[in-house]
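Note that subunit A is present in both complexes that follow, paired respectively with subunit B and with subunit C.
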Partner chain A sequence: MKSFALITVILTGWLLLSAVSDFPSWGDTESPANDYRLSQHYITETFPESSVPNMVTAVLADYRGYDTMFETVVIFVAGIAIMSILRRKPLDYLKDTGRETRSYKKDPDLIIDTTCRLMIPIIQLFALYVVAHGHHSPGGGFQGGVIFGASFILLALSRDLQAAQRWVPEKRVLNLAGIGILIYSGFGFACMILGSNFLDYEILHKIMPATPVEARSHSMLGVEIGVAFTCTAIMFSIYSNLASNGDMKETL
Partner chain B sequence: MIDQSPALILLAPFLLAILLALLGIKREWLCFPLVIAGLAISVAASVVTLLRVIDEGTIQYFFGGWEPPFGINLRVDGLNALVALAVSTVSLLTAIYSKRAVPAETSDKVSQFYTLYLLSVTGLLGIVLTGDAFNLYVLIEISALTSYALIGMGSRRATLAAYKYLIMGTIGASFYLLGVGYLYIKTGSLNMYDIQEQIVANNLHGSPSIFVAFVVIIVGVWIKMAFFPLHSWLPNSYAYGPSTTSALLGPLVTKVMIYVMIRMILTVFGPEFAFDQLDWSNIIVWMSVIAILAASISALAQASLQKILAFLIIAEVGYMVGGVWLADKMGMIGSIYHIIADAFMTLCVFLFAGIIFTKTGRHDISAMEGLFTKMPLTMVGFLVGAFSLIGIPPTAGFFSKWYLIQGGISSGHYEYVAALLISSLINAVIFFRIIEIAYFGSKPAEGHGYHHNEEQKDGTMEASFSMLFPLLITAAVLLGIGLYNQEVVEIITNFVSQFNIGAIIL
Partner chain C sequence: MIPATICVVLVCIGFLFFIGGAAGIIRFPDFYTRMHAAGKGDTMSVFLILMGLATYQLADFSLANILVAGKILFITIFIMWASPTSTHALIKAGFEEGQKLWTPDVEKEDSGE
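Let's turn to the complex of A and B:
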């Protein structure tokens, strides 16, 4: 069986490599991906059409905003899925294994505790910057959300899960994740209610103090914030479910 | 609002899934109405869209107001309007069935189950409606992730089955993504119609990259649809998951993937490339013959009803893959019609299996002794589904097989025709064995497990209304699309006749 698997892998690799000679050469400006009207349009028209200097963000949150909404949903689904399979009520879990209840409190270590006390606010501030500045420089909701989620994970690592859960209890985590997607799709549905297509931000200038082109830019910031909410919450939810084996009591 | 109808098909269940995630945790009573509301809107929007497609032809919907290839569009023609209507209807019927089954089987996670349920339906509908090759991948991810979780919420063995499915499904989806990457390298576009235009305009049919893209995309969707040698994830996943999950995923996932295969062949690569230039029809039709026979014989060997049905799904996948690769108009029409018909007949028998499990707590077919006297209405629903799977007129299954066999004869693939007939015979053996047990088995079924026999005073123990209603509706739909097959086939023929497939005998 193992040799069969090896043959399959070699054949697949050969198949994939066989087309490499057909590829355009590295960095070729004439290659279809660079030359075609699609990328040309993104490069030249992004700023006039959406007043966002960072064209990556514009492609992500506007031209292909529908994809990005569902990418956010993928993260949301991953969190819910892990929770729905792992999450157990702590009491049942202890009864199952016959393990004794013990105190989960660690003695706080002075150095670690102080360092994290200093680090966590800075990490969170930086996360907010990454989210807010996404349409001017590299960054955006996914990156910012992950950084923000990491700050809570750091808190949970340096003390224990309960300390982090005082800030983000389980229920609030789920609500935050749902609200994030609701913000994103809310922009879409608002466009629909105002009489345009889903996620066609231009129409939002009716309810925003902005020109139609600026409305696109502002809405992109809005949906990035939604993405950041979901990413933050799901990062922490996945960590706490995996690390505590689903009972939300003790961690690694 | 009318021009928003294609988007509403998938946005309605999506919005309600999010609302359910926010509101449903503390208020369990709210879950079921929200699910029904979302799916009912979706069905209504699908009907409106289908009528519009019949009226106006292909409908486009531009997300963000960007025209393709710059933005993402939904592109609805006769093929996906029909499939979308089938998907939304099946999920609505399953949702009605789930009213009692979900609280019984996944007691403390009802709101999470329904959130995942609605998102899974959103993913499947998105796959069907989208006109963008990469967007299709994103929605495959959503429908796959949700289905792993929906299966994993079942019994202990379900977790392992879901894990196997996760590995296989991820490989399949990665292959698809890899293929889209190869296409992008050569065409610079992600929109399906634009890719096709670019391939034709730059005369790329001979390019090795396009060939590799085609191979990995087709193998990827074969894994996802459980085409025979790649089917190992399916039987356990559908047999051990919660009954609602099997009734949702069993009818839909494999059929949606067959839709993707047809879409890729006809729209992205073009039938001239897939059928004429590659000339693989013989090999793949033979593979599907082996798939049909192997899966049917495996089904015959099973004792548990869920497992029998799972193997029947794999055999049906063989029908449709074979039908597509006959490279014949009739075969293509038959396959597309079979997607619709098979979605409903699989739903019918899976709902029946779920009802039996809820009532007796058992999966094996001996649990069905004497059910004709005890649950007459349930058995009527089951009979229609079983007759359709066997292919007895006037059910939908008869007509789809009729078209497939016509396609097999006109393209000269007699081995495919023989496989279809043998598999129908095996189906007849399987189902008449069940019917015999249910009709002649005199001893009433003893209740085992955590469920109990709720015999009423007159000796019947008919299923509750919320379970019986969707079963009977499904049976009625099967008869309906059987009797009105001309109308359905006309829509399909209009779609298929745009393409230049094989011998034109109509």
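Let's turn to the complex of A and C:
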């Protein structure tokens, strides 16, 4: 069995490596990807058309905004799927409303607790920076949302799942995830109501204090914030469901 | 020229610490000493390497380069917080779970003497 696996690995590796020789060489200006007029358009026209220097974000959130909207929906659906597979009985903690009734199971360790208390605000600040600066430098809604969700996961790891659940309870998580998609599609429908195509942000200059070109930049920031909401909520939801086997009581 | 030399020296010392840490993870006998090698070696080597890179950035003294060096400094501070704490958390978890401490007697028992 082991030798069979080895042969398969070697064969696959050989196939992949033999395909490498068909690739265009590194930085080849004549290669199809660089030669095609669509990429030329993105490279030369992104900044004049949308005043966004980072063309990756412009392609993601504006030129192919419809695609990104449903990527956000895919993340949402993934979170819902994990929740619905692992949750086999209703949560009883949702019923009690007392905030301070729950106590820690074990004393939190001083070193871990202090370090995480110092680090979590910085992580969250950095996440907001990544979201807000996504159309000027590498970053954006997905990355920033994941970093923000990781800060809640760190809180759950350093103390207890309940400590993190007090900040972002399950109900609020689901609301946030839905609000993120609503923000994104709200931008699309706002464009439609004002008389343009779905997610054609240029028309939004009528309700924004901006020129049509700047309106696209601002709308990209808006939809990135929506993506960040969904990513944060679903990241934490997936962690807390997997770590507690769906009942939100015990952590790892 | 001088910043480049400092950079090379710092990065080389950092790699030495890295090699020491990697050797420690493989060669040390039990969980605690291995974690000790991982935490100490990684923290020190990453600190030295990033300091070397920050010095290299400061060779051309301009505002943009100072900002990059500052960002590298922030990463260094962050790692010097996070790496020892994670090592501590792992060792504490291992201790609570009941990992055995290494003594020469344990080795004798393991090798069947």
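Note that the second predicted complex is superposed on the first by the 214 of 252 C-alpha atoms of A that agree within 3 Å, B and C clash if a C-alpha of one lies under 4 Å from a C-alpha of the other, contacts with A are read in each partner's own complex, and residues count from 1 in each chain.
Note that contacts are C-beta pairs under 8 Å (C-beta built on N, C-alpha and C of every residue); 3 or more make two chains touch, one makes a residue touch a chain.
The shown structure was predicted, so the numbers you read here are calculated from the model rather than taken from an experiment.
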Discussion item. Looking only at subunit A, is it subunit B or subunit C that touches more of its residues?
Written reply: B
Item to complete: Return first, second, both or neither, reflecting whether A:P212 touches subunit B, subunit C, both chains, or no partner chain.
Response: neither
Worksheet item: Which partner does A:I111 reach: the first (subunit B), the second (subunit C), both, or neither?
Response: second
Practice prompt. Would you check which partner chain A:M119 touches, where first means subunit B only, second means subunit C only, and both and neither mean what they say?
Written response: second
Worksheet item: If you lay the two complexes on top of each other, which residues of subunit A touch subunit B in one and subunit C in the other?
Response: none
Worksheet item: Which residues, counting only subunit C, touch subunit A once they are in their complex?
Response: 78, 81-82, 85, 88-89, 92
Worksheet entry | Residues of subunit B that touch subunit A when the two form their complex | 4, 7, 11, 14-15, 18-19, 21-22, 25, 61-66, 69-72, 108-109, 112-113, 115-116, 119, 122, 126, 132, 134-135, 138-139, 141-142, 145-146, 148-149, 152-153, 159, 162, 178, 182, 184-189, 198, 202, 207-209, 211-212, 215-216
Fill in: Footprint of subunit C on subunit A - complex, ascending
109, 111-112, 115-116, 118-119, 122, 158
Item to complete: Could you please specify the touching residues of subunit A with respect to subunit B in the complex?
Response: 15-16, 18-19, 21-24, 31-39, 41-42, 62-67, 70-71, 73-74, 76-78, 80-81, 83-85, 87, 89, 171, 174-175, 177-179, 181-182, 185, 188-189, 192, 196-202
